[in-house]
């Protein structure tokens, strides 16, 4: 196939239907993969419906606003995670349609409202302190065009609350589970559903929770085989992976 | 629906077509989910095409053979991971059709040959020492009814080998990446494809590789957003999660 | 018994004293355990005398006050741990009878004054810096209806102070021991008494104390067989476990 | 009693049957407990029904046999933990009534058959690989005069199996929970019962299980307040603590 | 002395000036050391010339001042480590003769000026940032009656500066070495002198210095056999141990 | 040369132009290297073109200014790393020609403009957050007389951006690579070039990045053989080592 | 330039001096970088004088022999690190000229005897136990065409032995320093020389040496600015990096 | 003295009894310390009574025997630590007077029987498993000419056994305390005596003892100020440091 398209190009040159200059130019603008190598923007076709993302933490409101405004011009959705209200106020001045999701600590611009996901993504969290991370996953999945259902405060020490909501869990096509402390919830949820579970350890807890390390190790060693794990507090990553799965 | 089946039961009682005793009995034997609670065998519908699995390490050949034979009677596929040839020999005596996959250190019985996966699962590994883990993922995915394509020895220090095989990567519906040492490969692969990447840290390496910890931490902190991680050397887990995704 | 209550239900249906619709409804509202499964509020009978608990850290005074007031309506004791005076002031406005225990950093409402514990709980601490954790254990045990005796500043480097108080230790039915730094006290106390010892590592210390890790590891490896351990600084947990034991 | 012996001494002095010098001397050589301070064998009254214990690991069969035989002469129960069959054979030659419990890897001599525990101790374990640790707890509790009930292979990924056995759990006066890998089971069990739960992390697992560290951290951070923890693989310690609680 | 007071007691009994009952009672209330066992203040004879010590960190100026004033009444030296100038100002109001040593962050009251040490204690530090810890050792040793000589900024990367000062090192009877980062200095100094070296890891450094852990591990593994180690930043402990040695 | 100067000394003694006493004195004051042993300032010949360096963090503006001014008098380049604008303002008052490099958080005085490096040093960084560390390396290398080329924001998840700049990489004589999170970039760059690569882990990232530990371990285990590593965030060290290499 | 060569190609096609088929073929065989992308074998020009390397550990003698023989056919030097004598015996059968270096545990084939290094590489080690790692560095550097000088058993606790050999150190163009335990030697050596120092932590030591971790952390935090570090026991890596530097 | 010998040299030159050339030569060959700098064998005067030491672990019997025989020729004491009986047998063949101390796993040759220590060194150990480490300390101290008294099996969980032996403890001039598991014993002993305590963590324990790390951290954080610490299982180091102190 590669050979073919190249062959065609050379024959057009031979037939003088295009000049060498034009040929060089075309060669340069052919998608890289046609040449069998790396491509300049390999992500473009994959990026349809993907939000542009800014990590807000450690940036000044002015910096966030400037980047947000630039990305907003691309026409797609924009998401600033770990953002403060102060950052939002600056963004709002430049991008009218930006909105703030305080629970998720996220600034969002949802220009593309198309639904890309084929089913529902369930976002489950263990305790109320895990909600910011869970909400970051929710917002990410929503901006990537998914129907999201959340189920909060269903920690393993009160297993009945989780079981009482099993029905909604089993309807999901992918499940995200956020938990701090011992990080046991993904194992229990993993045992209840037959779909992929994305586990997010949170930094909730104190003492030997070691800022999420206990939860991380717990999740890595889950006895449920359908669990894979993202970084501590990485609600965005979980929402992103779940969205990719839900598009398949 | 739950309500419905319960309603039907009560009406049969009312109509005296069944006695209260029979009704209690039936209620007891109804699948748990009909009652909206935990179910006895909640995995059954999900388990179609899932192999029965034995963790061979630390078991005597006799133990593995006994469990293998028992599970083989269920009629589905059986997989014994981390198994030796000695274990295989014992299994073979009891289960004729069992086969040994030395690279994967796995004993397999593939009774169910149906294809459940909708696309291809690509299994990528960094070095030759990572192959046992990669092969465990391959075997698992194959026994769960997937078409699998593997791409070995494409470590990040020779990025051209990986790029030269990009075409096959981009055809995959899910990608599994196994790497020890610095565990950098999932990030690079993650950047090349637009589908979910399941990263498997391996215990390959020495010194400060700390038996896979360096690779694990690297993968948890991947700058590619489509990466989620399973336990060190957990090729089975990666194959399992990838298979679930590929069925969606 | 389960069978019985179910049987009764079916017979009422048979006798047409209730309709199938009603029966389904009743079945739905029966306590879960009647059906032999998970129960909606399995804690109720156990919770007699247990305080409702709020983890104050990281919550605004307004949030603490709101939750405290809501829980206070249940009629039982309420305990807000890791709470500041600022939080207390807000609580006080809504719940008149709330009191502040500064040493324990706890806001308490003690409506139920009944004694549930059969003996005395002794709370021992190594240094003066461990007192906040010890006092949290004291307050918890008191709110759960126990007689509590405390013994502070009896670190192992001055073993005579501990020995001088052995008599009161040996009178206790359960002993809680709080210690930071090397966390050696539970082992010594464990050797002096014949009852269960709940050890609480504290984050007291600096350098290689690693915020309680040294004490935690020390306690996990206690050469006294009657020692079990809760999380770093978890005075509440120790008080809770000790209270459960003291009720037996 | 202490007072008595002292009183006697003083009266002998008064009666001049002994001189003050002799009295001082005798006082110096009296057993410590007579003086009400540190006592020579302060454990005796507490030790009724406690087994004498040998840690078998790393000892030769001859060493274990020699110590076992010596302790057997005290007349009480003797327990050698982490012992091999080879060690047992040597013990058997010296102590006829000694028995071997292979699952628990324990050599036992049960001379005292009295029941000291007031209720039942439940021993729960997550996977089949956790059984040796669980059985060590069982044997310990039995030798300390308790009725023990075990419930094995009820890991959190198949929560229904645990729930199906809730009844027997709720009958226990103390619960021991052994789990490796993510160590989540104590939290779930803790939420189901209202009694103290002793959690035992096991070294079961691989990779980031880090020989029980993941389970240990998980259990230390349990969201169930009735959980306290003993050392990794310390089935003996759990059985010991549970026995003390069950005697209260 | 002990014998004496006991003797006296017995003679009073003999003389019938007190009854045996009274004698028993008095015996019970005598200071512990009179009986030759655990003593109430067993440190007194050892404490001659030892400062009373306050750990200033985390205490309010008022608290430090109150404790300082109380300890000052004992008549000996008083040392408040890790203290701020604000704390000093409050102390000064209550204890006129108190002085502040800013480099050591210490408040001192030196009432006892006697020299207890038999030789010189050398205090060596690697970098200028280690000086606060080194000075804490200096102040401690001075308050315990030692002649102290300090040698600062002689890190191992400029070994000539250390060697140029070898003479003064070899004159010392004990050497304290403070170093952060790689903590290599004690090994080099240990090789140059034939006396005990007390190594103090400091939290100086960044990144993988891990707040003194790198230095601590380095010093624990010193190839010089005359090195023993105290906690990170524990200048006080080093000064204390060195003073004890210097008194021998 | 050493022999020569010594010889001269002895001959002066022989000629009685100086007395033995004077000779001993002179010998004592001769530069150490003349004697062939440790030398007082052994670095002088090596230090040509090396900047004098101040670590600004934790110093007051006044302290930085004072040290800076003193070092500036030596006539060479001066570099204050990890310095704030406030520190710069104070320096500026004393040293007119000092300049501030905000991206690198560095105050610089470049008096010596000579080029000491034989080729180009390339400084590569993975993400925008790594730039401060990369810029510190750039500034260091520039002050040490090197031509520096930087290549930022070429993380491994977008491998094409790196490859598109391969030409400039392959022109470098030494390459510095700064990366946080998984720290994978040095391996990829290492595979693309045939010269030494100095890897700098940065503390960029969150959760299990553990402040640069994940990146550090990744780089230590690089599968590219031409990579060596400096401390987390140690841009200065990387610039220094690279400069030494570039002078060879 | 790229454009140029492409232009030329197209013009040749236009002029029909070459056929389209030939053109496609040529395009395929043009060096990749001419196209501005990844190149197939970018290492070739860099690899002159680099040995082919096999990591012997964990391979059977047959495997090592087979790989060794295959690589030997390339005509360059071959190095098998971490190899046993048993492995060597098998290699010897297939590759006559292979030799065994027992101290370095290396099998070598030195076909290319050309000197590529411009100066001397000094390899220094702290203790006799570090020699295997040091020798691996020596062998690697020798096979890469360098003059190597080694200096063993010069640990920091006997600094005089190191200083007595300073002359040979200062003659080196690059220095490799291998040390276990506290890993202090690179800092001292770094301070004595003005050239790059490659530090290799070794797993020599016990207890808190933690298999090289203490040495690794020490070296990462070296106060000498000319030190960079490779993995624990990675003598090969150090030899490789040093060789690259020595060629510049 | 230095000055003197130099002066003499110069006067010889002045008197022309030696030529300048000879003088330079002599200066070069004078012992280093005469010049006030690093000395060739700076340890000699310190080494009187110090044993020559071999670390036996990992060496073949032949190697140990060879080194032992060579060191024995120096005429002083020789100590091979961590040595097996097999190693001893080889040593015995070459060095008749060598003896084996099985508890300490040490081969000793005691040629110098002089007493160097001024008082007694007490060696205390917590459990029977700590005895090998304690005995290594005992043997070391004995070979360095000290009177040693040991006190074994006095763990903190049976504090009375320790207290019963307080008298012998308080007679010691230095105390060595060996303990594994929680490592609490040094703190208790430290509180009972007024002399320096050298703490030796041992690798005794399992699970979260982490091969001595728990004990090490416990000892580093001892609340007793007279405790300093050596490496895990480093009985030799403790004996060495204690011996140096006891000579002062």
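Chains here go by letter, A, B, C, D, E, F, G and H, matching the order in which they are written, and residues are numbered from 1 within each.
Everything that follows uses one rule, which is that a residue touches a chain if its C-beta (ideal position, glycine included) is under 8 Å from a C-beta of that chain, and two chains touch if they have at least 3 such contacts.
Please read these numbers as outputs of a predicted model, since none were measured by experiment.
Counting only chains that touch, the fewest steps needed to get from subunit A to subunit F is 1. Work out the mean CA point of subunit C and of subunit F, and you get 56 Å between them.
Centres computed as Cα averages put subunit B at a distance of 50 Å from subunit F.
Once the centre of each chain is set as its mean CA position, subunit D and subunit E turn out to be 41 Å apart. Of all residues in subunit C, those that touch two or more other chains are 32, 37-38, 42-43, 158-159, 163, 192, 207-209, 213, 216, 220-221, 225, 231-232. Interface note: chains touch in the pairs A-B, A-C, A-D, A-F, A-G, B-C, B-D, B-F, B-G, C-D, C-E, C-H, D-E, D-H, E-F, E-G, E-H, F-G, F-H, G-H. By the touch criterion stated above, subunit B contacts subunit F in their complex at residues 126-127, 155-159, 163, 181-184, 187-188, 190-192, 205, 207-210, 213-215, 217-225.
Residues of subunit B touching subunit G in their complex: 129, 158-160, 163-164, 206-209. On the side of subunit B, the complex with subunit A involves touching residues 33, 36-38, 42-43, 45-47, 53, 118-119, 163-164, 166-167, 170, 173-174, 192-196, 198, 216, 220-221, 225-232, 236-238, 240-241, 244-246, 248. Those residues of subunit C whose C-beta lies close enough to touch subunit A in the complex are 32, 37-43, 57-58, 201, 203, 211-213, 216, 231-234. On the side of subunit A, the complex with subunit G involves touching residues 3, 6-7, 10-11, 13-14, 16, 20-21, 23-24, 27, 32, 35, 37-38.
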